[in-house]
């Protein structure tokens, strides 16, 4: 049956996507290689993608390797997440002047950027939806996030190559993109062909799809598409049993495992920097030499820092134990109380980028295995 | 370019009056600068006060809720920002963001005996509630204020609670942690005042504010007297950078103190208060 | 004119104590009046009494060379003053001065100690009551200590 929202585009025509996006005024960002990692940055065409590359990921390990083919999406996710565009790591909020006792605040103009995210994985679509709840879903709204989010065009990708630390299947966040995108691509690559099944989900997505050179999908390609995504699902690097997880962690604040993980954790905050849902920030007020001009900046912060919980001459969470526990219980347990979903999307970044290979899935299993309340000092 | 609200931008106010309360505590009365509207508040809420070039601190409103034309804040100097605020004089400008947070449940208190327990500077966030209770005492049962301070020099609003005591509308008992011979009142921890008052637990509601240790033990004493833990309210404090639920700093278990609190029923807090370094 | 037993019976410390016990204890007691400013006892003096306050307020003080006399607690109507009579060397550990004039019952420590050694059941009953009050005082003192420490280290 003909389905206008589902077409097949050859690898040779994928570049047309950029033509349409540029004509519509979008700034295209997507995966590209820099400094030995796959990061997200402006990309001008499909040749700037990590063509023919894959990533070998494990606890504390990340290495790019050449693939035997020229796949455009033969890798999982790298140290960047899409939050860097919607929730930039450093942003000026306003400028203030003091003029004869009169305080004037000039809020920063929000740039009118229309981003097109090219190559968003299912776990990342969930992460964006999770951050939507934080920044635009509550009583207060972040204007930068709102503006960029409203104008955002998303091209998702259904993974065919799972990563070494992936566990989206456990978290019910992939590998198949289910919602939150305008278009989604599934790459079909073997000796005989290199093409993409393209599904549109919105009117804008439809307009882009209509502009591409495409042909109808055959049952054979449809089947290959399903197999491809199933293969990714079967090759998860990790698993995290989520049954009763919220209560498990809420009831085990004194579990001895926290001591164990704390003996390894260096509180370096890598996990929070690479995590696509971590949203903590801090503010910095700076003045010029005259003292009459000031600026307030917002920047990413991490619950792992010593000062994060500073109050009246000391921090509430002084020990690394308390800070690791805060991060993990927030991510997997209290996040659910706050926002109605888990904070974790199973992307595996925190496992890959931890210098001492602390594995959140392992920590959960350890607490689950010995469901005892810890001893008190 | 669409209009948008920047929740992190302070509104300019100016210092209308400044009063030194003790050697490290002072009170501001703030009025909006020309052209800006007054921010209202409910007793227990707080504002982020901005000292130019230095930063912001969360300070509870300590004024009369029936006078919404000005914002009153009582502040202790503990760091760079509060030191900067302390240096401001009359007519100088200050930035204000708010009001934020939950308020003392005055509606729920109607028809109840209300016990207000204040420790140290905790009397300041309770003062708006006390004004409200004293303004309509017929709505409530017996009113009691128990106020503990470390030393005589730390006592706040002495003339005021003296007047309240004499008005007969509220029983006022004050205790110091230690005193010189000059003090002719009770000495001991504020928790020691509780066994000395009569309580009808089934119709009592309590508002407690002070250092966290003090609030924990006051709540324990109230529970010992049979007051239900969901009718004991405490005001929590945590590091705040944004006050709008974005920055993550003020989390206490699942709660954002800036948005879900700072005022919470003790019943919800009790299991969390027992966890060290939460 | 109320008997000593009657007065003791009405004091919260001896609440619900059976009459024969009250009679026994009253044998060690006498009524006292306190004048404002009066010194009840001083640190180091022989501790042979304890007091049940009916009216008035007594301040408990410890002298600090640098700060002078510091009141660390006040004892009010319905409360009890003095523990040092319980244990050797039977010497007071602090000063007690009268802040507000009042009245009370003074019980002789030596007399009471001897009677309680002979009646262990009553002894245990009274020990439980003393411990209850000591616990309250200890807890209050601990909180005063924490707050003094928090105040000294607050930044």
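Labels for the chains are A, B and C, by order of writing; each one numbers its residues from 1.
The definition used in the following text is that a contact is a pair of C-beta atoms (placed from the backbone, for glycine too) under 8 Å apart; a residue touches a chain by one contact, two chains touch by 3 or more.
The structure displayed is predicted, hence computed values, not measured ones.
Once CA atoms are averaged chain by chain and compared with the all-protein CA average, the nearest chain turns out to be B. Chain pair with the most C-beta contact pairs: A-B. Centroids of chain B and chain C (each the mean of its C-alpha atoms) stand 36 Å apart.
A straight line joining the Cα centres of chain A and chain C is 67 Å long. The geometric centre of chain A is 40 Å away from that of chain B, both derived from CA atoms.
The residues of chain A that reach two or more other chains are 312-313, listed in rising order. Taken residue by residue, chain C touches two or more other chains at 154-155, whereas all remaining positions touch fewer. Taken residue by residue, chain B touches two or more other chains at 78, whereas all remaining positions touch fewer. The part of chain C that touches chain B in the complex is made up of residues 57, 59-60, 67-74, 76, 78, 99-100, 136, 139-141, 143-144, 146-148, 150-151, 154-155. Residues of chain A that touch chain B in their complex: 93-94, 96, 98, 101-105, 107-110, 112, 134-135, 138-143, 146-147, 253-254, 279-283, 285-287, 291, 294, 296, 298, 301, 303, 308-313, 316-319, 321-322, 326, 330, 333-334, 337-338. Residues 1-2, 4-12, 14, 33, 52-56, 78, 91-95, 237-239, 241-242, 244-249, 251, 253-254, 256, 259, 275-278 of chain B are the ones that touch chain A when the two sit in their complex. Looking at the complex, you find that chain B touches chain C at residues 78-79, 119-120, 150, 176-181, 183-189, 191-192, 195-196, 211, 213-214, 217.
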